[in-house]
Structures are given as C-alpha cells and as structure tokens.
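The following blocks contain the structures, represented as structure tokens.
Consider the two complexes below, in which chain A is the common component and chain B and chain C are the respective partners.
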Partner chain A sequence: MVSVINTVDTSHEDMIASRAVLPLQHDAQMDYYGTRLATCSSDRSVKIFDVRNGGQILIADLRGHEGPVWQVAWAHPMYGNILASCSYDRKVIIWREENGTWEKSHEHAGHDSSVNSVCWAPHDYGLILACGSSDGAISLLTYTGEGQWEVKKINNAHTIGCNAVSWAPAVVPGSLIDHPSGQKPNYIKRFASGGCDNLIKLWKEEEDGQWKEEQKLEAHSDWVRDVAWAPSIGLPTSTIASCSQDGRVFIWTCDDASSNTWSPKLLHKFNDVVWHVSWSITANILAVSGGDNKVTLWKESVDGQWVCISDVNKGQGSVSASVTEGQQNEQ
Partner chain B sequence: MEELDGEPTVTLIPGVNSKKNQMYFDWGPGEMLVCETSFNKKEKSEMVPSCPFIYIIRKDVDVYSQILRKLFNESHGIFLGLQRIDEELTGKSRKSQLVRVSKNYRSVIRACMEEMHQVAIAAKDPANGRQFSSQVSILSAMELIWNLCEILFIEVAPAGPLLLHLLDWVRLHVCEVDSLSADVLGSENPSKHDSFWNLVTILVLQGRLDEARQMLSKEADASPASAGICRIMGDLMRTMPILSPGNTQTLTELELKWQHWHEECERYLQDSTFATSPHLESLLKIMLGDEAALLEQKELLSNWYHFLVTRLLYSNPTVKPIDLHYYAQSSLDLFLGGESSPEPLDNILLAAFEFDIHQVIKECSIALSNWWFVAHLTDLLDHCKLLQSHNLYFGSNMREFLLLEYASGLFAHPSLWQLGVDYFDYCPELGRVSLELHIERIPLNTEQKALKVLRICEQRQMTEQVRSICKILAMKAVRNNRLGSALSWSIRAKDAAFATLVSDRFLRDYCERGCFSDLDLIDNLGPAMMLSDRLTFLGKYREFHRMYGEKRFADAASLLLSLMTSRIAPRSFWMTLLTDALPLLEQKQVIFSAEQTYELMRCLEDLTSRRPVHGESDTEQLQDDDIETTKVEMLRLSLARNLARAIIREGSLEGS
Partner chain C sequence: MEKMSRVTTALGGSVLTGRTMHCHLDAPANAISVCRDAAQVVVAGRSIFKIYAIEEEQFVEKLNLRVGRKPSLNLSCADVVWHQMDENLLATAATNGVVVTWNLGRPSRNKQDQLFTEHKRTVNKVCFHPTEAHVLLSGSQDGFMKCFDLRRKDSVSTFSGQSESVRDVQFSIRDYFTFASTFENGNVQLWDIRRPDRCERMFTAHNGPVFCCDWHPEDRGWLATGGRDKMVKVWDMTTHRAKEMHCVQTIASVARVKWRPECRHHLATCSMMVDHNIYVWDVRRPFVPAAMFEEHRDVTTGIAWRHPHDPSFLLSGSKDSSLCQHLFRDASQPVERANPEGLCYGLFGDLAFAAKESLVAAESGRKPYTGDRRHPIFFKRKLDPAEPFAGLASSALSVFETEPGGGGMRWFVDTAERYALAGRPLAELCDHNAKVARELGRNQVAQTWTMLRIIYCSPGLVPTANLNHSVGKGGSCGLPLMNSFNLKDMAPGLGSETRLDRSKGDARSDTVLLDSSATLITNEDNEETEGSDVPADYLLGDVEGEEDELYLLDPEHAHPEDPECVLPQEAFPLRHEIVDTPPGPEHLQDKADSPHVSGSEADVASLAPVDSSFSLLSVSHALYDSRLPPDFFGVLVRDMLHFYAEQGDVQMAVSVLIVLGERVRKDIDEQTQEHWYTSYIDLLQRFRLWNVSNEVVKLSTSRAVSCLNQASTTLHVNCSHCKRPMSSRGWVCDRCHRCASMCAVCHHVVKGLFVWCQGCSHGGHLQHIMKWLEGSSHCPAGCGHLCEYS
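Right after this comes the complex of A and B.
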C-alpha cells in the first residue's frame, strides 16, 4: 500500500497571493538524505527546496541556462552541496552552495547540441560527472581542485545522440584491505550509456586514462531512453535496467565470474514509450515510468521472474492518507 | 512474467487527469517523489502542467504512528531476546521459552490495541475515531492470527489439549460474554432478564458449563415448575467429561467416557425430557453437537471459527490436529451458508488450520500494510525450525527477506532507524550490505546523531562508511568555518588530502590574523600529526610558537630551521618563517649558531632567486616588491649581524 504523505507545491512563491503558472518540470531529484529537492524545468530555472519534516521551503532559484533544463543530479555530500544541471542550450552547469548561498561554480560548454543527461560517478572515484548529449558525444568532467575541471570527451559514442548515462557502483577488485591514507585503491571505472542508435554501451577507463567501449548491448528496436545501473548488494552479479522508445524494459545481468556476457531479460512490454527507470537504494525495487501515465514498481520474485508490485497512477480521485497522530496534532 | 495472485494495487495521485502528460519519479532514501512532466524534449515546451505539484509518496506510513511506535520498540526488545536464546536448548525447555516469546509478542499487540481503543473513543473528530477503530480491528485480527499460530505451530498442542487451547482462544476473542454476564447478574431478577437465555446459551457454546449451571440454578429458584428439568440439565453439564490439566486419564479413556455421556444426552432427547422448555431442549441439542441447532445460534457465535470450536467441543473433543482442516473448511462453508464469501482473515485462519505456514505468511503479507507482523512471526517460526528455505534472490530465505523489508521501512523514520540496525545485524546474508547502504543516507543534522551513526559503523568495522561520513562532516565544518571541527573529522577519516586543505586554511588564517584558532586541538594532535605533511608542519609550527612563548629560544630556533631544511614547510610559508626568525636574530644573546645562520642565509637566497612572477597589475607589483625588498634587506642585515656575533662567540672560549 502506498500513501501520499507530502506534496511540494512548485507553483507557489511564498509571498505571491495568486497562483503562479509554472511550466512543466522535467526532472526532480532528492538529495542523498531526502532532505532537499532539486527540480528543473522548461522555464530554464533550477529550483531547490528544503523538504524536511513535511515542509517545503524554496531555498534557491538558479538561473543560468538559456534553454529548457532537462536533468539535475546531486553530488555526494562529502564534496559539499553540489548540483549539476544540463540543458537544451548545450551547456552543463555545476552549482555549489557556499556560505549558505547557491552560485554557479562551473560551466561546461563543450557540446554541439542539447545535453540530455548528467550523472555523478560513485564518490570513491572522486568528483566526476558524465554528460550525454544529442551530438552523440559523452564528456567526463573531473574536478582536479581549486575550481578546475578536467574534460575528457568520447566522440561519436552514439550516432544521432546519447540519451542517458549511468555509472556502475564502485567495486574494488581483489581483496578489500584498508588502504593507507593518500593511496587510492585501483578502481575500475565503468559506466553505461544509452543512445539513439538503439544501443546500450558499456565504457571502461583504461590504465592510460582513456575511455574505451567495452561492450555493446543490443536488444532494443528503437531509441534507448534511459539506463540505470543497479547499486551493488554484495552479490557477484551486475545488473542494468534499460528502457526504450519501443516500449520495452530489459533487465541485463552479468555474472562477474564469467565476465563480459550480459544477458537480457524482458521485464515487460508497455504500450507506449518508456521514459525513465530507476533502482531503489538497496536495488530490490525497480521503478518504471512510462507513457501510459503510470509509474510501476517491480520486484524480482523467488524464481527470478520480475513481478509488478504496485501501480502509481495519476488520475482523478482522492487518496486516503492514513491519519497519524502527528498529523492530527498539527491540525 | 509471473502472475500475481491479485492485481497490483493502484495508488492514485490526486491531480487532474491528463492524457498529455506523463509522470516523472525519483527515489529518495525512504520514499519516492512523483510529478507531472512531459518527457518529450521539445525546445519550446509551452505546456503548462495541470498539476503543478510534486508529490512525495511513501510506502509505510505506520512507522509514523505514535502508538504503533510502542509496538515497534517493545517488539524490538523481544526480537533481540529471541535471537539470543541459547541454541543448545532443545526439547521441552526450548519449546516453553518459545511459547513465552510468542505470548510476549501477543501481549505487546494487546497493549497497543488497548491504547488505540482509548484514543478512538476519545477522538473528537468522528472520521479520526473511525480510523483508529479500524486500526484496532486490524491489531485484533493480528493477535487472533498470532494466537492461533501459537497454538498450532509453537505449542503444537496434541489431540486433547488442542481443544482446550482452542476454547481459550475463542473465549479470548469473543468477549461480549462478560459484559452480558455483568448485565444479567446485575439486574434484580436475573432469570427474568431479556438476555438471560442468550447468556446461558453463549456460556454453553463456549463450554463454560459451570457458569451455565449457576445460571440455571437461579432459574430453578425463580420458577419451581422447571426446577426439576433444570436440575437434570445441570447434572448433565456437570458430568460432561473433559480433559483437565493434571488429569491422568488417557485419551482413549476420555473418549469412552465422553461417548457414554453423549449417549445419555441422546436418551434424554429421545425421551423428550425437556419438551416443556424449548430453551433447555435447544441447549441439549447444542450439547449433542447438532449442527442445525448450532447454526441457529449464528448471531451469538458471531463467527465461523467459534462455530468450529463449539462444534468440535460437542462432537469430537479429542480431535487430532491433522483433522482440523476438514472441520475448519466445512465450518466455514456451513456458517457462511453461501450467502457471503470468505474474507482475507478467514482465508488466513483456514490456511493455519491446514498447517500451511507459507500460505499464512503470504496471505498476511498481502492483507497487511506493514511488514511488522509477518517479519516477527516468521522469525519466531523459523526459530521453531518450521520453515524450509525457499531460495530467494533477496535474503537467502523467507525470514531474512521479510526482516530486510521491515528494517528498511524503519530507516525511513528519523529515530526508529536505530531499531532497524539490530534487525539487519541478524540477517546473515544481506543484512550487512543493506545496513551499509541505508546508514549512509541518514541525515546527520546534529553532532550527536553523527556520533551515534559513527559508533554504529565503527562497532561493525564498516570502515568505508566511517570514512565517508567523516569526510561529509569535515566538509560541512569547513563550509561553516569551524576549522577545528573540520580538522578533527578529517583526522578521524584518515583523509590526508582534506587534512592538508584544512591545515592550509589554518595557516592562511594565521597569516591574516596573526593568531591560531583551536589551539587545543593543534597542541594535542599527537601521532595524528603524521597524517599529512601540511598537518605535521602546522603542529610543529605551533610548537615553535609555544617554545618561543616559554622562552626556550634555542629549541625554538632549531625547530624553525629544521622546518625549512627538512622541506616540511611549504615554500609559500618560508617568508613568514624567516620573518619569525627576526626576533630571535635580534635577541641580546646569540641563539642561532654560525652554521645555522649560514643555513638561514641559504634558504633566503633560495627563496629570493626563485621568486614566482605574480599576476598582479604593475603598480601593485611594484608596491609588493617594495615591501618584499624591504623585508629581504632587513633579514639580510639581521642574518649578517647574527653571523658576525656567532662567529665571534664560537671563536672565543665556550661559556663566556
């Protein structure tokens, strides 16, 4: 049973009496702790809300993009309060909170076309951002200190365009010994990307620092809209979810023992485009958002089959939120 | 794709139904947010959303109920106690311990029920009152199911005692009897009370024959005409053979006696002894286990499982556990009489009577909104060694799967998450990694909370999480200009890079303000100083200042020199160090030896010959240069003078 517990009204400014008409939100993301919410929309703004304790306070309204903003991504809190946003204006902007105020910290304008997706790497790798663009390239921004970002670009990653990027969880190869300070363990950095060439590609960083295409996963018959690499729960398998314009969602698994053989399993064929897939924190539930106005939640059952456990539907009707004493007291 | 037994539940998000827009979502640590959006990426997105809200939805709202919190807290204690039960214990002593645990859980549920009942009565808003009342019935159902599971699975009552337990079970859950009894007995003329015969009947239905007899004696007193048959009925009630605790007779003996008694009752029926009193005749039929007679009392029985137990009491009191399910199914069918269909609760109870534990757990999981019940019950049953392992992807068996779900739900709550930690501890397969993933997401709003989380991680040797949390806190402290705090966090995180960063800030602050903040911390760094070169320098530099303050000039001087020659001091700081040397050079007594002076001069020349070019404007550069040149000149002068004095002193006799 799912209950609505809080709503954040993105149309109200605190002081405005009449409802402000707000354009469509394209993306919204909770921060690491679920205390802040970043949203971005076609009005070129990125808004940040504080949503603690059921409240909603607008903390910042960030302007800087010159076109609709498609996606936002929070970096790991150990690097401070950092947010990345990407937009139709071909730019990626990194925002930072310093002394209580949010400011533009860096702007990356290295793409020739709309940047569709941004994703921060696992914090163990440092502060690294992957960006996928409609010009078919993927760029990787690495923070090297003192406001400097190093850029690596993978050109022609996907013909026509790249729609999504998702990092693999950090896994240290070999035994997990406590490394002495200052010495970074040898991580093998990987990420997945989905593109308009109907492919999902897996990329690996080589020893010389260059990124190489490691694998091509073919199963979709139309543009891949989103990819999501599942968090690691200590099992030897890796899992990736992908969704596409062709209405299909696939779950790809790889037995790390044999390595490099990814086998797809069809989760479901929807009647419309599937836009977004995302894993819960412990990777036991996959949420899928599709053109049929629903968000469905899926779980793997006993025998490895995926079962739909809930439907979150937008539509008319009231939701009976269960009354708790807390709410009661507030009234 | 596997078929679920039921359709997945659909949750509607309030908002205008729109065919144009889709729903976007994102996962939070404990919840999910959804908002209306359009995934079509057009440049000019003129579309205005019909629903400008972003919704945050959560699966488990029970976690937020104040009263249920007691349930969670107390059951947590019982759970831990259960895990620690000596595995060596077997047989009777183990069983009695497990039964005790089960009763503890049940009493916690009952306490919760009671409290919620009070709140329901006191509720001012009728809608709230109804809400609480329905919660009470859910809890009541939970206790009902748990009780039955205790009898059948944990107590494992054999034929004979089984019926006694079931009678207790029914008496506990059909409680109108007591209030009815109070009503009737409290009246002036009990036997003339409207509900008198109802009371007697229900007492008989519940097998409370002694009490029924007492009632009948009142009737006998009140109407002497029926005294005779009342007495006969009373005798029948008194002589019904039952198994009582401490009874030494065997089951077969009991059966024989009961058969005998049953036949006696038959005879009375045949002889129409009670024909003059329809009430008594009906009671006799009930005691003969006549189904039709029992079904006439549907209202008093109020549910099919009461019907079942009464039926068993008066037709097959020595029923064996494995035969239960047959009686259960037919009782349900007879009672419902085809008029209504079974509810989820009925199915769960049936599954229990069929000893199908997995089905019980499955149905409960579907029917209940919270994992609490199935997680704890399954865990207990697992301790009774009743569950075979189903190999599941998440959790190697059902017990672990359910505990993981329950514990994850707890982590969504700002304080109940601490309970969740213990549950994860007792999940051998995926507990640790789940804990690792969840614990990093706990917001560290206060120092206290952060320390609590860290303690939990350190106790479990979760070094990665410790490091990550310390780094987050260090970063937070730096942003709030609490350098001391930042430094101690980065030391705890063993983060050399960050320690260097913070040390630099300290040094910068010193240059700007001429004094150190957080002296205590820096003075007591100890071996932690070795974490990074910069930190070591900071510690040693502070030590220099201390020595100077204590007038240990010689020591201070050598320390100062060593800081530069050993290259611990960053180059940018050398000028400051040399400037610090000035007062030592200008002292009356000679502090720096000739050798040391030569070293200092070498450092100075080193510094001045390789001056980096500043990127400032010409005028500023000139000004800076001016200041710099003056400083350098002063230093050269002091060094030269000191050199002269040192040479003279060393050339003369020592000690003069």
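Right after this comes the complex of A and C.
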C-alpha cells in the first residue's frame, strides 16, 4: 500500500521558504485575513493550516471527498468560517467551522463529471458559490438560509469542460448615493470562466435571476487553465488575467463598462503550461505559476508594459520582489 | 473524441491496426471475449451472441451463434470466454445455470458443442485453463464452482465455497493447479483443482461483494480484486498471508478489472452501475485514473484488451448495445485536466505555492513544452520498481514571505496605523504623514505629502490649513491656488535647472510667497512680478550662470527672508494688467513640463523651504486667484490621486482625499471617491485594522460610506420607566410619555455618552454612574437591582 508522506516539516529550509511535504497538492488558498491556509490534494483530503507568524500548524484534516480534491475556496468571514472544496468525485462540499470543529455543512452533487473550480462571490451578494465542471456546466449555489442552498445551472457553458471560475468584484452601476441607506444596492453580478474550448466567457446575472453569457474572449489556442478577475482597487477599469495550456498569459482590460469591450494584452509566452494566475490584493502584482515550476511576479509599469519583477524557483526560495510600491518603475 | 489516431503495432508478425470505433449491437451485451488472433471478438448477452471481426475501420459481423427458431434459455449468456489456445473453442455461462461450449469448426450452422446442466442457478463466470486445452471452470450463483473436462460429459470436480454465490473464477497463470474465486460476502478463496474438499486459502478482500478478480500477466503472484465497495485492491498472493499492496478508490462499484498488457502497474476497470466510463488506473496513483474512456452511454459490462501483448487497444461491450474499440491514445486523461500546482497570494504579499516534488528532480532533463498532450509527468520518468512511487507524486508546499521592504503589505498596515487624517492643521497633517512615509522608506509618497503641504498651505497660510471637511463644508473656502508643479520635478535631487537660488531671488525682491496674513507688498513687487520678461529672465536665465549658488540653498537662510517677500493674497485683484502679459517664456515650459504651467498663470517662482532635508521649488505662482480656475490644482491633485489608485495604493488616494477634504473633493466624481473609500475600508478590514477603518468611515463625506457604520449595528432600547421597548426614535417613551434618557444620578436628560444597565434599564451619565458604582453596586435609581456594567 502506498504510504502517504504527510509529515509537516516545521524546520525551515532557509530563512524565507518554509515547506511541508504533502501528497500532490492541487490548490492552496489563504483565508481572508491571511492567517489560515487551506490545501487540497489527490489523497482526497482537505487540510487547513494555521500559518500565523510564519508557523504551520495543522488545524483540520477534512475527509469526505471520494476523489482527488482540485480546489478550495474560503468564504468571506462575515458568514463564519466556511470553506468550499470541489473534487474529481463530482461533488462540491461546503465545510463549516462550528465551535472549533470543522464539519461538512452541505454537499452538492449536481455535476456529471469532475468539478474543477469553485469560487465564492463577493460578500456583498450573499453566500454564492460558482462551480465549474468537466461536464461543461457551471452551477451557482446560493445560500437561502436555514441550511438550504438554491442551485442554478448553466449547462454547456464550455464544451468539453470548464476549468476555472472567478467573480468580478462587487461594483455598483451608478453611484451608491442614489440608494438610501438600508436599501440594498442593485449589484450586477458577473463572473468569468475559462474552459477547454480555449475561451474565456463572462457571465452576467439578468434581472430575472438567469445567467447569460455576456462576452466571449478569444485569444488562447489551448485549454484555458485559470482566470482571475483582479480586485477592484482604485479605478473603475476591470481587469482579468488568464492563463492557458498554450503557455500564454493574457491581461484583459475593459476601460469602459458601458461598451463592454475587452482588449487582450499578452503578458508573456511561457515555454510550458501555465497553471495559475493570482492577483495581489491591491491588484497591482500578478503571480503566475507554470509547468516550469516557477512562480513569477509581474507588475505593470507606467507605460503600460508588464514587467517581471521577480522570479521564484520553488526549490530555491525567496520571492525577491525588488519593487516597493513601484517607486522604481515610476522613475 | 476529437482526436482519432491510428495505431499500428507489430506483435511478432501479426500487425494490429485500428482506430477508436464502435458498432451498434442489436441488444445489450453482458460480456465480451477476444480470440487469440486479436482479430475477432465475441459478444454475448441475454439476446445476443455474435462474433465480430475487428477490421481496420470498423467491426464486421462475422457469425451469429444464436440460431434456431425458438431461442433457448441456454443462449441467454451471462458470460463468454474464448479459448486462448484453440481458436474454435468458446464457452458461455447461461443465466439458467447451463454451461455451453461451442465449436466453431463444426460444419453445421449450429456450433453448439457440449451442454453441462449441473448448476442450479445462474452461472456468473466461465474460465478456460490457460495452458490445458480441455479444462473449463465455472462459478455460479448457487455457491458452487465446477471443473469440467471437455472430453467428458460431466464435471470432474465440484468446489463448494460455503457461501452464497460465486462472482468470479480465474485460473492462476503461475500455478498450474490454482484458481481464485471471489464471493458475494467479500471473500476471496484460493483452490487447488486437485483438492475439491476445501480451499487452500481464504481471506476477506472487500467490504461487500467481490465482483471480479484478475491475475497479473507478468507478476504472477499478484491478484487484483474489485468490489462493490468501489475499491480495487492488488494482493500479493506469494506470501503466506495475502498482502494488500495497492488500493485504488474509484467512484462506483467495480464490475470488471483487467490488467493492462505490458504495463506493469496499469489496470482497467468498469462499473456495473452509475458510472458508464472505463478507467485505466496506475495502481500506484490510487486517486486519479491515468486514462478514461467515455464512449458508452450506459453501463459497461465487458472489457477486454485486444491482444495480450498490446497495451493500446481495449475492447468493451455495454448495456447501451454497442461494442467499442478504444485506443489508449484517444483516452482522456483526467490527470491532464488536474492542476498539479497551487498558488495563492496571501494578504501580506506572501505567496503559497504547492508543486510536485518530482519536478525539481526532473527539471534538468525536461524538454520544452511542445503543445501536444503529454503523458503525465509522473509516469514519464523511467521508474525503478524499487522506487517508492508515493514520493514521486507528492508535492511540496512552500510559503514565500516577501523580503523586508519588498512587495509585502507591512507598509500598508504601518502607514494606516500611523497616518494622521484629521484633528490637526493641514500643514501638520501633511508633515506628519510625510514623515511617516519617509520613515517607511516610501519617499515618493513622502514627497507627495510635502508637495500637498506646499500647495495648500505655504508658510504663513496656516489659517486656511484647517480647511478640512469639518470646516470647509460647502466650498466656502475660496482657497487661493498658488502653485503649479510637476510631479516629476518634485522629486529630490532633480536637475539643477529647477533649483533656484533663493538668495538671488531675495535680492531681486520678486520672489513671492503668498501669505494672507502678511501685508508687505510694494508696488515694486507688483510691477516686477507683472513684467513677464523680467521674472522669467530671472527665473531661468539667471539659473544657468549660477548653478553653484543654487546648491548653497539653505533653509536657515531662507526663513528670515520670508517676511520680506511675501505677497498678500488681498493684493492680487489689484493687478489686472496680468491679462495682457505675454505668455511666459518658452524656457519656463521647457524646464517644467507640466502642461498646466503656462506663462499667463505662472509667472513667478517661489522657493518654499518646507523641510530641512529637501529644498523644494514651487515652479510658479498663481497671481490671481480670481483669474485662475478654481480647480487649477485640483486637476493635478486629481491626477495624482488617480495615479496612486491605479498603482494599487488606494490608501494614499483616500488619505489625501480625507486630509484635503473640500479642497479636492469637488474635482473627483463621487463614484470614484466612493469606490476608493470602499476599497480602502475593505482592505483595512482584511488587515483587521478596525479602528482605522472606523476612522475612515467617520471621516468620509460620502453618504454611502458613512452609513456603513450604522449598517450593521442595531440598538434596542427599553424605556427606563415602564421597561418596555422604545418604539419611536425620540427621547420620549410613547407609552409612559416620559423622557427615557434621564440620568439616574443627577436626574437630567443625558446627551452624549449614556451608560445603562441592561438588567434594569436604568443608567445615566457615564461619569455619574462610574462614581456611583464606586460606592454602591445597587442601581442608583433605587430599583434594587444589582447593576452590572461590562
């Protein structure tokens, strides 16, 4: 029998990188406050680590999936400690911490194939989870109270399969001023999805609550592996990063929300599959991880070019980010 | 599948070619078996029994063995097996308990050879001896296994499993006399065909029925078993006790298991319910199938590798009445879909990154990605059988922390905590914030604060400095706009051309500093400043020759001279001639490339020694506040704020917005402001900077933002007299019509801080209650309640 190595090595390899040896990891997500790290793995487990003060303490080992767990996502803390995970076993499980113990709170088994991606909507919308599956569908789970979840399904969102979903930050059309306090602002909910049809699609909730395809972004020549909608800090420009099997990373921007035209800009063409893109919380640095086992950090310079500001080889350690708030780039 | 490929395999003379294909059958299949020539396949079911030739492009029906007018139950097949030594010999297991052998060499249409009617119930499985031509084994629902010699008319021996039903029987390839049988109760038994009295060995393999088993073609002591418990287990039968070597977890019960030829660790499985797919697993990677065939629309009932030495062709029959040939090359590989890496940006700019451990080792020999679907990296390396596979499929999780001063977010927290946003004069706020920024090594931000101070409150202009939003509501502050500047030029240590010699200017008496309190202005000053040529000349012309002097600039020298060169605000409207002044000299624009600095607006340069460490120059002075558009600087400041926001430093944008208050607010549209506020507040809350967040909410002028503070807090108040809930919002309880918020100590209405006991609803001024409680713990109202305050 395969013995799973899951010893957590707390002795730091060097001053900067701390490592834990685990079964093949598919995802790692930090919670809202950056104090906990959830990881999921082929061994069907989801693990939660306390990573405060540079430590790594295993605080929960969640068992419940019957296949490899692909992705985990933390909900906004205003709803409590909630974690969603999706798996090859076609299920999405929502875990909740109650009095210090983690338990399965809901199981969604509405997909016909592996569920590849889960993403919580911005907290302003309530508890909504988008799930993208290999069956090509995207399902949206909305918490309706008392442990009930309402399911909406977008069938055939991506032919062959959907690999990633990412919500747009909550932006209100028109000024908030128009809404008297107390009245719920009328948000337009949007999210982006990437799939095996090489497309990125943008979805928008119609007034009748149905989800409609709003845009189709075409630039990649192979499976889109990840999409990440940048947090909206500052300008009303919307930005999406996407990466693909074809090794390319694109930055999509939409300057004018009304015309809704998106223009791609090639960030870089890597020599290998690019698996992940992740924005820093101020949306000015993009982390890209690829099949070459490297994480690179990218930043847009003043002239609009994306420059690599650091290069991290996993084995070697440090993120040598050399830019402090962009002084260097601004001259 | 989108990609159909053709595979040609040479196998000792015979060549296998083909593609992924399927053909429709008349009825659902229950089992399939391949002829040893790898060119024919037999399909058997309740109402089908046919032989198909596997041609290059398609299946061709060759023979229908279901003959005769009245279909006999003997033809309702649960299983079929083709003899691997005799191409003409087949055996079927019928649902009525009959075992039938077929001889394709018979000249008549009916190929039925022998009939064994010994089992009482459905025969689940038949199996030929791998090396003995005449030995056939059967396992039945009645719990018995029978061994037949085809040269005799009845069974040679009967084995009783002492159990409900036999699901599978398989002759060992290794031991001539051994066969394995699996049972409904989860047991696996090993028998010697010479000893029908009792089994050699028995062990419990699965929880629930064991539906199938298969001996490894090479490692002949290995037995794979599959059960209803959704697991496939690989047992080492060579040891004294069967040892479980691998366990593969599938997502549905396992109906069939077949080792893949030439691939030591691979086996194919299919399920008897729910799941219609066929999976090929690497037993060392028990969680993700190595390959998946998704052609069937209903449960797959039979799988068989086409040739015992060819790993790429798999045949399958299904309840959906189809027969398929699958090519391994066309299989979908779930592991390809799987993301082997995890990446996440933490709050403080740290990165969590999980990746395969093996990649590091494999890195050196890797070829660049060529675009085709590669085999999973895990299997790419030639594996040493002794090498523990788990190690290869493991991954390392690294958390990278940013280096101090790097892209981390510590600066954000520090800045947020230390910035002063209100409560002091503008100049002090700017200075303080500049200092904070400088101490955190954020020179540009520090510089910006310093600039803002210069713009909005040059020395002496202190009175206007409290024009914060608290003061300056309604835009009543006709703030004189005094400076135009260029962000770039403000950086310290820039070219000497923008550094003016302070003393030189003083000597000419025409450097102007605005000071509303000062009245020292002369006509000379006026004339001089109005004359566009002269000051311009002075401004820049002089500079060229006297660069050395520029560096002698010293705030200490400059300060005493300030009073002499200040220009009172009030004096401006007097000088209307400025309109006629020709535009400023070109070189002014050359040096200061801000488009806003045009000669008509900016005539005079002034040096403002704001900070001892910087010598700053304000490039030009606005002379007429009445003539300047009120948002003259607003444009610049707005651009500056947008710039910061765009850089991801929404903190700076909001801080400046709050500090400058009314001065800039009108230049920036409400929505953007609101957006900045909400973004900043959101960030602050992520960093758990509740106090700062609250301060920002309080200081914000946007209604939508300031109402955030009230959004989630509800106070339920009871009247202190009648102790019933206060329904109206006023001071007076509408039930007992008395003022509810009386201080129990001094009996006055409490305005401001009100503290009350949640038990008896009595309370009063904080100070009074605190004092009271020093002496007594009873309620001051005399209700007798032992009050508790938290």
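Heads up, the rule we're going with is that the second predicted complex is superposed on the first by the 286 of 331 C-alpha atoms of A that agree within 3 Å, B and C clash if a C-alpha of one lies under 4 Å from a C-alpha of the other, contacts with A are read in each partner's own complex, and residues count from 1 in each chain.
FYI, contacts are C-beta pairs under 8 Å (C-beta built on N, C-alpha and C of every residue); 3 or more make two chains touch, one makes a residue touch a chain.
Computed from a predicted structure; not experimentally measured.
S.K.: A:66 contacts which: chain B (first), chain C (second), both, neither?
M.R.: Touch status of A:66: second partner only.
S.K.: Per the contact definition in the header, classify A:34: touching chain B only (first), chain C only (second), both, or neither.
M.R.: A:34 contacts both chain B and chain C.
S.K.: Touching A:90 in the superposition: chain B (first), chain C (second), both, neither?
M.R.: second
S.K.: Touch check for A:222: first (chain B), second (chain C), both, or neither?
M.R.: Touch partner of A:222: chain C, not chain B.
S.K.: Per the contact definition in the header, classify A:55: touching chain B only (first), chain C only (second), both, or neither.
M.R.: neither
S.K.: Quick check on the output: what are the common chain A residues between the chain B footprint and the chain C footprint?
M.R.: 1-5, 19, 21-30, 32-34, 37, 39, 42, 51, 67-68, 70, 88, 114, 116, 181-182, 225, 231-234, 273, 275-276, 278-282, 284, 287, 289, 291, 293, 295, 297, 309-310, 312, 314-315, 317-319, 321-326
S.K.: Could you list, by residue number, the parts of chain A that touch chain C in their complex?
M.R.: Going through chain A, the ones touching chain C are 1-5, 16-30, 32-34, 37, 39-44, 51, 54, 56, 66-68, 70-71, 88-90, 114, 116, 134, 160-161, 163, 171, 174-177, 179, 181-182, 196, 222, 225-226, 231-236, 246-247, 271-273, 275-285, 287, 289, 291, 293, 295, 297, 309-310, 312, 314-315, 317-327, 330-331.
S.K.: Which of the residues in chain C end up touching chain A in this complex?
M.R.: Residue list for chain C touching chain A: 2, 230, 244-247, 249, 251, 284-288, 334, 337-357, 359-360, 363, 368-369, 371, 388-391, 393-403, 405-409, 411-412, 441-445, 488, 491, 642, 644-650, 653, 670-672, 674-676, 679, 683, 686-688, 702-705, 707, 710-711.
S.K.: Mind listing the chain A positions that touch chain B in their complex?
M.R.: On the chain A side, the touching residues are 1-11, 19, 21-30, 32-35, 37, 39, 42, 51-52, 67-68, 70, 76-81, 88, 97-99, 114, 116, 123, 178, 181-182, 225, 231-234, 267-268, 273, 275-276, 278-282, 284, 287, 289-291, 293-297, 300-319, 321-326, 328.
S.K.: Which residues of chain B touch chain A in the complex?
M.R.: Contact set of chain B toward chain A: 1-2, 4, 8-19, 21-39, 41, 43, 45, 47-49, 51-59, 61-62, 64-67, 119, 127-128, 131, 369, 390-394, 404, 408, 430, 432-434, 437-438, 440-444, 463, 468, 471-472, 475-476, 479, 494-497, 531-532.
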